[in-house]
């Protein structure tokens, strides 16, 4: 009969009128991202061995780096690493090329910026900071051999220490989670600590100094910070947030 | 039409075309390398006598001093295949148009003209297809300079 | 509750005559007040309607529809209206400026004029004309002229195509539209809308005239330029048809007028076929609102389900199917009336 | 006497129904199309020139951007072409995963076809339902490759990641739900009489004309020509699967729709078989990091993409970059018949014809 198809269509839409919606309310409700989701390209400079394979693999010249030869070994030292994300195709070729897992994609997909220059991600690694931060613990390749350096003179040592502290401060400001990851046990704790330090500059400077002068003490203080923050958050959560 | 015998076809074609036709083959195709002036005749022969009714692909390669036109022909439904090549010198980059043989050559030849700068004699509408009309140069030529 | 609005009007007239105005002047002032009320109701109604349409389409498509501004996104349309009001009014240089500018105004004026004869409850008609149906049909068909003006004035081929389609469509669909109402008029014995509504106290005309209801519904969809008959707009084909060149508030006026038309036609349909203000328990004016909204939701449901019909199919459907069917309906109705009369009903 | 006059109208490049930057200049007589001229190139990126300045592996992501609606298929075609040049044998597991991905791409592309056809004809809701179901395929792609639309998943010699554990259950649940989805499209879109009236007998292309114009893929099969490269010239491991080729009879827009709907069902059949036979093992063959095919080797390889015959012609000069790469884009060739099949029809029909020819402008303009 003519018109049967029309009625069937009407029936389908009517059924869906009372069905549950499938949309995700995005800014409030984040979409579920699969584990392999390619968000923003990240660079973990602790692991970089400056082999240049990533820049060779990249089809679009997104990646570039500056390096200088290490006077103490045949290796190279990384000075800065630039990811010009506006040309990135998120094709995963650089990640596959990297032998040490230095490059990886995180799950951040909100990459829009107001200025073209802000799209560029630049990692600048000051010489002195390298000595401090890249104390190789978990990374398989050592970048800087600090033992081989000659013992510095007292006032030189003082100056060097100040320099190290400054470098640490920059590192904490630039990439706090990475910088404090050695102090605490889990990544969550590192993130919380990073938040605390980002919020309070005084604490940040204090922590940087402590990290250079007394590593153990820094770790204890960091843990105390984190615990206090967690407690605060729990209290807030209990009082303010309604159950979902 | 049944499956044709490629060897038989090639010998027949060689008899027909004489020294204008050279033959080669690789793992995938039998190559017919033809002089540009005899190409149209060969193509008509391939279509009418051997049933190659489907011109799958038509493209060109710039070898500096010469351009090579490459045609990949198939027959539906017998699924025979053959590839035809012809070379024209770079200074006189013109070959016969195949629009009269296969209509599908129309846009593909226009594309070759647009990007490679080979003109097709007898093409009804030899204008650019992908690039804007006022564009200068033919980007797929090796001497085309990229700006960056 | 039943007589709220009637009483208000009565009190207003009394107060005005009490002030020493002549009865004629008081009536005139009352008329002005009624007009203002209609315009306010129409505007508010359209705001609700656009929200409703977006919500219905959203739910049909398993989306949420507007849900940011206000409860259930109710105020989204207001925000949109403010945006449209503040937008730059672009008039392309090659347009016929006078026609281009006045088309939306005529459109909205004509749409509002339809409300004059609509009974919005018992004794709630502004001008209870004895040729109410006739008035409604003739004024309703004027909207096409506005679309033609918009299409012609825009000096755009898409717009003109849309306008021409609208005219062709109107010419074809005016006839079945009027014919399908004829059956109802024959049974009710009057063209006065309040009489027709009152005549349905026992049984709604949808029961007596089911064929006429369906044909009227189809013809009205075409008349309203709503999907699947939205030829003049047809955004997938004509970009936006007659409205292509319009921006800002002028465009919004078209939108407003279309929805105003939708309400008017739905209200007429509830008056003609669904018993008008008749209904138990609730006051009459509430009944007509409920019925009108139900009809409009069905209109929306159709629009969001069906693809657009092709222009020639549309025309041949009207001439080859709708008109014969409505004519037959009139014939059957006439015979049945005579038979029943002969049987002494 | 009334005088009429022909006029031209520009459908596109900015138009709701041209699927991207397609520009059709239509010469009209009232609502009738006297002639139409297709202008291309609004999305032209000169991919073939880009290829000459990229190494072989570097060009893989660019191929995804040709037919972005079925991004695994052009990548598959390119990788197989280079593998043919190198003589690489792809591991079994990778081949099966490739087939699964390719067929899902085909379903995704056809779903978009059905949806966009619906919306081009004015049925908005059909589009949303198709996208709802397409989204689940995109989730599958995200699960395996990390990207949803432009996956760049295939690699020369294999694939980039093995499938995760959650993949196969997700595929099975999708396949289980698939008949229900098809039923819904049949009810809402295919069964609709208005849509049938708009598609039947419109845009008729007969078989000889179709072959003459080089039309391939579902558009050719809609004309009744049984020609599918998966069967006629099997690539990869397609000769191991059992599936039917849905054929049309009249070659009109209606047949083109039906063929694609049926093709989705067949693709699901292939996926089921591939899941059954999926072996364990490597996912990537040993391929040197720097790929240098022999000088003078040239290969034309073609696959059945969701739009038709997608061919790559590569000439190597012994370096690590292709000397010449040509893409035989099915959308490009298929679009050629648009003026032929739309002649004498109405403005509304040319919209339906564009939709049923299913061009992807990224591919046709390259």
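First chain written, first letter: the chains are A, B, C and D, and each begins at residue 1.
By definition in this document, a residue touches a chain if its C-beta (ideal position, glycine included) is under 8 Å from a C-beta of that chain, and two chains touch if they have at least 3 such contacts.
Keep in mind it's a predicted model, so treat the numbers as computed, not measured.
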| item | value |
| --- | --- |
| Identity of the most central chain, Cα criterion | D |
| Chain whose average C-alpha position is farthest from chain B's own | C |
| Separation of mean Cα positions, chain C and chain B [Å, integer] | 64 |
| Chain centre separation in whole Å, for chain D relative to chain A (CA means) | 39 |
| Separation of chain A from chain B, taking each centre as the mean of its C-alpha atoms, in whole Å | 54 |
| Chain centre separation in whole Å, for chain D relative to chain B (CA means) | 25 |
| Touching two or more other chains - residue numbers and ranges from chain A | 6, 9, 12-13, 16, 22 |
| Contacts with 2+ other chains: residues of chain D | 125, 129, 132, 188-189, 192, 194 |
| All pairs of touching chains, each written as two labels joined by a dash | A-C, A-D, B-D, C-D |
| Complex contact set, residues of chain A against chain D | 2-6, 8-9, 11-13, 16, 22, 33-38, 57-59, 89-93, 96, 105 |
| Of all residues in chain D, those that touch chain A in their complex | 54, 57-62, 64-65, 125, 129, 132, 139, 142-147, 150, 152, 155, 160-161, 164, 184, 187-189, 191-194, 196 |
| Complex interface listing, chain D residues touching chain B | 40-41, 44, 46, 48-49, 53, 84, 211-214, 225-227, 232-233, 298-300, 302, 309, 311, 313, 315, 323-324, 326, 328, 332-333, 335-336, 365-366 |
| Contact footprint of chain C on chain A as seen in their complex | 6, 9-10, 12-14, 16-23, 25 |
| Chain C - residues contacting chain D, complex | 57, 60-63, 157-158, 161, 165, 227-228, 230, 234-239, 304-313 |
